[in-house]
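You will see chain A twice below: alongside chain B first, and alongside chain C after that.
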Partner chain A sequence: MKLTFPHMGYSYVAFKALINELGYEAVVPPEPSKRTMDLGVRYSPEFACIPFKVLMGTFLETIEMGAEMAISSGGVGPCRAGYYGVMHKKILNELGYDFDILIFEPPQSNYLDFIKKLNRVKPRGMSWRVFIQLIKKNYRKLEAIDQIEYLMYRIMPYEINKGDTYRAFKKALNMLDEARTKEEIEDALWEGRKIIARIPQDRSRNPLKIGIVGEIYVVLEPAVNFYIQRTLGEMGVYTDRSIWLTSYTQKNVIVEGRIGEHDIHQMAHPYLNELIGGHGINSIGETVIYANQGYDGMIQLAPFSCLPEIMAKGIMPRVSREVGIPVLTIFIDEQTAAAGVITRLEAFLDLLKRRREQKAQEACNA
Partner chain B sequence: MKKGYLGIDVGSVSTNLIVIDAEDEVLASLYLRTQGQPIRVIQEGMAQLSNLVPDGVEICAAGTTGSARHLAGVMVGADIVKNEITAHAVGTSRFIPGVQTILEIGGQDSKIIILRNGIVTDFAMNTVCAAGTGSFLDQQAARLTIPIERFGELALKSKNPVRIAGRCAVFAESDMIHKQQLGHCVEDIIAGLCEALVRNYLNNVGKGKEILPPIAFQGGVAANAGMKKAFEDALGHEVIIPKHFAVMGALGAAILAREEIESSNKRTRFKGFEVTDFSFQTRSFECKSCPNHCEVVQFYQNGEVIARWGSRCGKWDVQAS
Partner chain C sequence: MPVRVGIPRYLAYFSYYPWWKTFFEELGFEVITSSPTTKKTLDDGVEEAVNDACIPIKLYHGHVVELKDKVDIIFVPRLVKVRKFFTETFCPKFLALPDLLRASINGLPEILDTRVDLSQGPLELFRISREVGERFGVGLSRISRAYLLACKALRRYKKLMQGGMLADEALQHMEKGGDINRDKKRDLTIAVLGYPYLIYDSFINLDIVKKLRKMGADVVTAEMVSPRSLLREAKRLPKQMFWHYSNRAMHAAYYYMNRKRVDGLIHVTAFICGPDAMLDRLMEIEARQYGQMPFLTVSIDEETGSGGVDTRLEAFIDMLKRRRVQR
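Let's look at the complex of A and B:
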């Protein structure tokens, strides 16, 4: 069977490997492009948000490439995304495609359903032990991908030759792509990190630091968010984002000690003590965390009409004032032109630079 | 030889050129319509400007801003290419010391800039909706067959503005037609429209922003006295319209260019008013390297590529300086 999955940043490398190793044929979704958007917009409800439309386009593109089934994620709570998988499937079936979407809900919401679905993916004749080992191994690959991407944004603002870091990252990603066994994955990660860390850098720079929060899909998919982290990195800005597929940073790097969902909600508590769906509460809590860590500014990415992020945006001015960090909210929709985003980013960087200079001067005078 | 500094703001609707001296005194300024042809307008503007600039002034720096700032920058040889938010903030704070809020409404975008102690602390721009910008006013003026220049004075004559839905340009228009069909006079409708646009602006762009005086109102729409009054009524504060309200972006660009040259001690890259005689051309091709099929724009000066942009991955981008 030919299996596909949504495109989310660089995670396709791991999903492809898992599907192929399970004995299916992986149809790797193309990076979302204008064509993806056109297809998605044509067959989606007008009021659906951009992640829905992009996924719709992606599924249509992969069907052209021969995909028969997609694996996707669902969701619980007051965000429309929970219904998206079902909607996609209904629309595709109405268009006449015999296409199935296997939607994995968070296991704690219904264990039985989760295991049933795993059982559908598990090839007959493969033992559960081997099956779980394969999943674990490729999850490790996913973590490794997150780690090198994370490292890339850390090095980028210091690079001397524009584009070096990204090229090194692509090389590292290729190495991970070719790694088969557990040991090979560890080796590729080790080597990849070395390649990225060894590009020529100017460490005397003191780059602006920006934290990126928002809705998961637009945060994770560079092709949808105008490659915002890379763009900022190549403009000499140090960026960190709150969401990673494997939550690698939250557990290990962001701060000493461990920061989990619970702590983020705690930080949001003075401003919002209710789950509002999606990553709404996270956007608030993480803004507080980034401010406490001395970041210069925040960017909130949200799909146009995304209710959780709209609510978070409404609360943001108070958070911004009280913890003292400027926040730029960018709503993403099909027609948002890159030029407009660049203008806002440039102005935001000017603002942050002047603000930093003023702070330094105040510190001098004090 | 007196030193002059050139600022150019090429927006969707208007193109503004300005020359200032070392003391921010305006030596010459021009306000033209872009009419979708920035190259021609910049060239014509430069030709006209060269006649307006007093004799014995030498251009020592040039800066560009606005949505065609990169194009204008490579055309004239700019020392600095700056986004319009920073340019406006710099320009206005020079002319209205201590300004804390800037309301700017241009042809296709509207923005709010919040300053404290002379630095920008927050800003917002309209994102997905152009309701309430100059283009919409323009269009409605044409529909009512009123010259846009008289829009403001008519609005001020109104005693009893009608209520118009301001959230969306399309709905605002049908609301206006409805009010017309009921027989309301044109003055009341226009005043109602101004109030609706201000409401939409404050609810949309100005949402959550702390609007403190002194408040400056600028951009092409500031010429409309009806809008000024509607802002004052809604905010309960005086709204100041700077003398050069329509060219503040260009002014800011000129000031930034001067600062850039003075701080770096470099010579200007300005090509001179002769750019009027060059032949500029834009040609584009579709890159087939990936499914994005980006339209890559190549910009020629006298047959030679001097800039290229438009690819999402950046592989084609070169910018000759």
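Let's look at the complex of A and C:
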């Protein structure tokens, strides 16, 4: 059977491996393009959020490529992502496609359902032990991918030859793509990190630091967010984002400063005292945290019409005022043009630079 | 002077007002309700609210603006769950409403953002009522009495609506008594579905309901169906939605498509409403599949001119009438 899955940043490398190793044929979704968007927009409700539309487009593209079934994740709300599957299926059925979408709901919500669905993808004749090992191994691959991507953004603002870091990252990603066994994955990760860390750098720079928060999909998918982290990185800006598929940073980096999910909510409480779905509360809480860590500014990425992020945006001015950090909110839909975003980014960077200089001045005078 | 509590005449107002009003009055508060929505409410709301929000949220801001200098507290309950039903809660914008108001409107009086989560059991509502009452130093017996009367008022309100009254008719009837002159039966029956704050606010929906009646159609709504009948329809959904009002609207749509066939369905939706992006398409698909039920979406935005809506309604009604004759 030919299986596909949603495209999210570089994670396809791990999903592809898992599906193939299970003995299916993976249909790797193309990186979201203008065509994906056009297809998605044509068949989606007008005010569906951009992840919905892109996913719709991806399904249509992968159906063309022969995919018979997709694996995707669900959710318990209250935001729309958890209802995507139902709607995608209904719409595709109306279009006459007999395409199945296997939606994995978070196991806590319905354990039995989760197992049943696992059982559906587990090839007959494969033992559970082997099956789980395969999943674990490829999860490790996913973590490795997160780690090298994370490293890329740390190094980028210091690179001497523009583009070096990204090229090194691609090389590392390729190595991970080719790694088969557990050991090979560890080796590739080790080697990959080395390649990225060793590009020529100018460590005397003191780059602007920007934290990126927002809705998970537009934060994770560079093709939809105008490659924002790479763009900023190559403009010499140090960026950090809070969301990773494997929560790599949550476990390793932020926790070093002892900050976990719970603390993020705690930080948000004076401003937003309720879980509102998506990453709404995180956007608020993390802004506070980044401000406390001395970041210069924040970028909030949000799909147009996104429920939790609109709320977060509405609350943001108060947060920004009280913790003293400028926030730029970028809403993304099919009409958002890259040029406009770049202009806004440049203006924002100017503002941050001026603020820094002002602060330095004040410090001098004091 | 009694404490003046302000109640914005919007959003959940249309579902729970009799409860709130009775309760606060019985506690000895003076209840001040904002006036029915006008152009000014909208303008104020647009001015204050985050500009990417839907109109209902903006309108709510407008109602709060009207109240803010006239009252001591404004009651903005944080509705989280009003029943235990799968993962159902409210639209994220409801969940964040008190926080949003605090961040966007200056010079607010105290916001009473009582958190309402009734999924824990039938005693929860009383516990919450008690908390509110005690916070203002009211004794337990008075709270209990207020609670009972409030529940009674709400039951009556719901009964009236199930009997076929619209929200404003039912409220008027409860306040002034008298009968609503129920006029003769019309040829067509149309189910008008959507969130109560779109269906029952005649300013924002451009008086759709009354217009339909004038054009010769009886209007039925989700509130006219008993909760039990609505719940029976739930199983037609492969997965329940997360938003209380969306589920109600969808269940009502199934009800009017299957149990009590109407001539057509109209879905009233707010421009850029998140849940409705899903709900509207779902209704449309289901209407097609359940025996070609005529379906019309009326989308409301800040500039909806009544001209456009009128023509669409007329065309829809004409189509239904022709269909009638053919059958």
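Brief remarks on what is shown
Quick note on the criterion: the second predicted complex is superposed on the first by the 363 of 366 C-alpha atoms of A that agree within 3 Å, B and C clash if a C-alpha of one lies under 4 Å from a C-alpha of the other, contacts with A are read in each partner's own complex, and residues count from 1 in each chain.
The definition used in the following text is that a contact is a pair of C-beta atoms (placed from the backbone, for glycine too) under 8 Å apart; a residue touches a chain by one contact, two chains touch by 3 or more.
Everything quoted here is computed from the prediction, not taken from an experiment.
Look at A:A338: by the touch rule set out above, it reaches chain B but stays clear of chain C. When both complexes are overlaid on chain A, the residue A:P30 reaches chain B alone and has no touch with chain C. In the superposition on chain A, contact of A:Q358 is made with chain B only, not with chain C.
Of the two partner chains placed by superposition, only chain C is touched by A:C79; chain B is not.
Applying the stated contact rule after C-alpha superposition, one finds that A:G214 touches neither chain B nor chain C. By the document's definition of touching, both partners, chain B and chain C, reach A:G314.
On chain A, the patch touched by chain B and the patch touched by chain C overlap at residues 304, 314, 316-317, 331. Residue ranges on chain B touching chain A, taken from their complex, read 67, 82-86, 117, 119-123, 125, 127-128, 208-209, 290-293, 312, 314.
On the side of chain A, the complex with chain C involves touching residues 45-49, 52, 76-80, 82-83, 85-87, 89-91, 94, 109, 271-278, 280, 304-308, 310-311, 313-319, 331. Across the complex, chain B is touched by residues 30-31, 33-36, 163, 227, 304, 314, 316-317, 320, 326, 330-331, 333, 335-336, 338-340, 342-344, 346-348, 350-351, 354-355, 358 of chain A. Residue ranges on chain C touching chain A, taken from their complex, read 49-50, 52-53, 78, 80, 87, 89-93, 95-96, 98-100, 102-104, 113, 115, 237-239, 241-243, 271-278, 280-282, 285.
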